[in-house]
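Here chain A shows up in two complexes: once beside chain B, once beside chain C.
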Partner chain A sequence: MGNYYINGISCISAQESSDNELGLQNFVALTENVVPLQKPDYKKYIKPTMIRRMSVGVKMGVVASSIALQEANVEMPEAIITGSGMGCLRDSEKFLKNIIDNEEQFLTPTAFIQSTHNTVGAQIALGLGCKAYNVTYVHDATSFETSLLDAMMMFEEGEQNVLVGGVDEIGPYTTDLHKLVGHVKEEETLKNSLLKSKTKGAIYSEGSQFFVLGDKKKDNCYAQLKDVVIYNKLEQNEVAQKLEVFLKDNNLTISDIDVVVLGLNGDVDYDSYYTTLQNTLLANTTQVYYKHFSGEYNTASAFGMWTACTLIKSQKVPKNIQLNEIESGSIKNVVLYNQYRGENHSFVLLKSC
Partner chain B sequence: MEDLKLELKNNIIELLNLEDVNVDEIKDDDSLFGDGLGLDSIDALELIVMLDKDYGIRLTDPKEGKKIFESIEIMAAYITEHRTK
Partner chain C sequence: MGKGVAITGMGIISSIGNTVEENFQSLRQKTPGISKIEGISTIHKDHIKVGEIKISNENLSDLLNLPSSNNYSRTALLAEVAAKEALKNAGITNVNSYKTGLISATSVGGMDLTEKFFYSQFEEEENRKYIESHSAGDSSTKIANSLGITGFVSTISTACSSAANSIMLGARMIKAGKLDRVIVGGADCLSKFTINGFKTLMILSETNCKPFDANRTGLNLGEAAAFLVLESDACVKADNKNVLGYVSGYANANDAFHQTASSVDGEGATLAMKKALKVAGLSSVDIDYINAHGTATENNDASESAAIRRVFGDHLPKVSSTKAYTGHTLAAAAAIEAVYSILALQNNLIFPNLNFETPIKETNIIPETDLLQKDLQHVLSNSFGFGGNCSTLIFSKE
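The block that comes next holds the complex of A and B.
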């Protein structure tokens, strides 16, 4: 297995997160059940002639990729790999609504062109003039991790810089459907903190996080990506064992892990996947979470990786994300665990560089 | 005719998502494509659909659009003459 250095990162989310220097210090816990992103200054990164036709997902993906590339000082990546659970949902909804409203006539091209999952990756490539490998992975809560796996394989092919990220946007109609089936929290339950709400569902949000992976460490390097593993289905009692196997495959044990980043989203039906681990295997490890800041979306785990990168670089664990009282010393090895509604589990291992 | 011109300007701004353009900034004889509003071929398709949907004008030859969409003035005149709804 090679070395994959994370030389540039970016985060567009429901928080003021586009400035990596600020980290998580100004983040505020989300208190509504559906929270849109904090819009960055799109015009700083996208030509006015292009911006008017871009949906929110495309805009935030293009901005996030620009920030990460700029930070890594990479003008042209050798691959663009995007994860998106739902793709450009708003334009998909708009196009489908037009079909129904207009009885399958008078269909205009813009929403259709932009309704596919790979529109974000395509628009990033168009903006850069990049004709390299460009693939989008669509796999629910492991869309981003699948992209990471592919990025790692690209280095085996000899590539030097790979842009990899996740993007998902809120679609109003789709969110209403999720509300109907109880996937979204009832708003009044959020008066308490997310994890104390003890209610079903999650806070729905949107965001885009991108990372520039390189085969060489740069001055700005945040961390090394060491390994990724995905499981479509796991029983709660299997998670600890799978995590131990994952660590063993990387010649580590749980005592080597300085911080664990967990995808707790406050869903009383499924957070037990995490709490079981927290109370057993991870009982003596510094535990952090992030979905009280990011909300839930299919690629929210990329927000988790962005958080992990900032922890490793700053060597500090902010109190506003820490779950237990255990102090970490130096932060060398960080493992991320995420799942959504008991499916699509992922472990990601990062190491300081 | 003046009402129709205003309606067209509002529709174009909304349909083509011209976020930074106000109705007052589009003059009746401004060129819609090229150096004027800077519309492109995808916008032309949107306008062709708008003619059909809102005014019942079906352009059989897309090349006709080049003349019809030259300016708001010309569009309004064409619509007034050919509209079926």
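The block that comes next holds the complex of A and C.
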């Protein structure tokens, strides 16, 4: 396996996160059950005439990809790989609602045209004039990790710069549906911190994170992407063993891991996947989480990777994400673990560059 | 660039048959599956024709032995029928005897359920079980769970080229040694969402579609699912597997021209075909047959014809689009046409492009209109989608 360097990153989210240099220091824990993004300065990246026409997801994706490309000093990537669990949800909902409310009459094509899951990847390509490989993964909580896995194979096939990211937007109708089945936290305002809420469901939010991976290390390199593995299904008691196998495949053991980034989302029914690990295999490892800042969306794990990148580069673990008291020394190896509602598990391994 | 990836099984359900064999017989007998729509109540029913599978969801559930309380979308039902046939065809009884993955593709996912229960999910608790069936990943998860696949499972959505990308990803993962075996394909059911979407774009034909005809009238939508089983050389050797054909070339390029329209000169399609030839280590003269995307829209067929001319010049291989049999099955189309391409290779047969009469003047591509017996070594299959996504697959006998 070769070396894949993360030379540019970006984060649009419910936090003011579009400035990578500020990192997580000003982030505020989310306290409501549905939290929209903090709008970045769209004008800096998108022509005013286009801003009105683009959906939120497309805007987030275009801005996030622009920031990451600029940072990596890459004008034209050799592949654009996008993860989006729900795709362009708002336009899908809008078109469907019009069909039903107007009994299939008086419809216009705009929302339909922008409703396909690959609209964000397509609009990024269109904006850049990029005719390269372009694909969109839409597999729930592993949409982003499949994108990473594809990106790694791209390098093995000889490409030099790959733009890879995640994007998911809140759809009001879908959120209402998910409230009905308890996937969204019931309390509109959390009384306790996310992990102490002890209630079902997650905070629903939205965001987009993009990364520019290169076969060569650049000055502003954040980290190296070493490996990714995805499991459709794991029992709770299998997670630790699978993590050990993943590390062993990379000639590492748990004592080599300086920080572990966990996808805890405060859902009392499913956080035990993480806590079991925290109390056993990871008991002596610095543990961090991020979904109190990002909220939950299908590609929220990309926010986790952005977090991991910033702490590797700064060699500091901010207190506002740390779960235990264990101090990390120098941060060399970082592993991420995420799952959603007991399905679609992923491990990602990053290494300092 | 080395040998292709072995295909050891395939399964399909479409409007021209519920199995590979039934599809093959319909293709041979020139029997299209285009009809008036019956399963969906739509105001457009007298103004469109579709490639509809005339089996109810209840009967599909029975066929799969699912409990009546299941929350399968029609996409998931069709997908599971095809995936099971593919696995059986490959003679796989223990799915976990090798590192096995599943990659599916869909554009509508569980939209059929969401549109049916759009408001009633709020009032009636019994309909809430369908909420989780909406996402694109749901049908893949259901098939994976049903087949016992616990490892790598993913879903791709690049509009009408989706399944080509799932076949491509599967082949690349086997080449990269990430999987020993992978079930790849796609599924899409008919829905009010897509019917009305394409209707607003004014590209639905009121009559039987006429791919590559100068007087073409737009596309017929269809529903279908198809899957292939791909295996590494080591698996094929160890189990002495019967190989149906090989995925020898693949490529994906972007037209970067317009969100829904293809460029006049077919730039993205040209790039995809050229790159796929390069991956396969073939030159354009090696291709014996092109199973075209050929949706019969004004824009696609003109753009694809231009691209084919750019890649093949005057040495045009035989060309046909099978969309007039099945309709355009969106995210499933490339998987359907992969099965047809392999059937073509296995039987040395080129399936006719139905309803063609008059060539497009600018490009003068005259597709095959009769069943043609011809020795075939390499078949190229195109699939293009919204968002400029252009994908090409090449299937080879050896």
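Definition applied: the second predicted complex is superposed on the first by the 351 of 353 C-alpha atoms of A that agree within 3 Å, B and C clash if a C-alpha of one lies under 4 Å from a C-alpha of the other, contacts with A are read in each partner's own complex, and residues count from 1 in each chain.
Convention: a contact is a pair of C-beta atoms (placed from the backbone, for glycine too) under 8 Å apart; a residue touches a chain by one contact, two chains touch by 3 or more.
Just so you know, these numbers come straight off a predicted model, no measurement behind them.
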item: Contacts of A:Gln236 with chain B and chain C, given as first, second, both or neither; value: neither
item: First (chain B), second (chain C), both or neither touched by A:Gln160; value: neither
item: Partner chain in contact with A:Thr31 - chain B first, chain C second, else both or neither; value: neither
item: Touching partner for A:Leu107 - first (chain B), second (chain C), both, neither; value: both
item: Partner chain(s) touched by A:Lys131 [first = chain B, second = chain C, both, neither]; value: second
item: First, second, both or neither for A:Arg53, with chain B first and chain C second; value: first
item: Superposition-derived comparison: chain B or chain C, residues of chain A touched; value: C
item: Touched partner set for A:Asn220, first chain B, second chain C, both or neither; value: neither
item: Touching both chain B and chain C, residues of chain A; value: 105, 107-109, 113
item: List of chain B residues in touch with chain A within their complex; value: 15-20, 38, 42, 45-46, 49, 52-53
item: Chain C residues touching chain A - in the complex, by the definition given at the top; value: 42-44, 102, 106-107, 111, 114-115, 118-119, 121-122, 128, 131-132, 134-138, 140-141, 144-145, 149-159, 165, 169, 172-173, 176, 178, 192-193, 196-197, 199-201, 251-260, 267-268, 271, 385-389
item: Complex interface listing, chain A residues touching chain B; value: 48-49, 51-53, 102, 105-110, 113
item: Residues on chain A engaged by chain C in the complex (per definition of touch); value: 80, 85-87, 92, 95-97, 99-100, 103-105, 107-109, 112-119, 121-123, 125-126, 128-140, 142-143, 146, 149-150, 153, 156-157, 174, 176-178, 180-181, 230-234, 298, 343-344
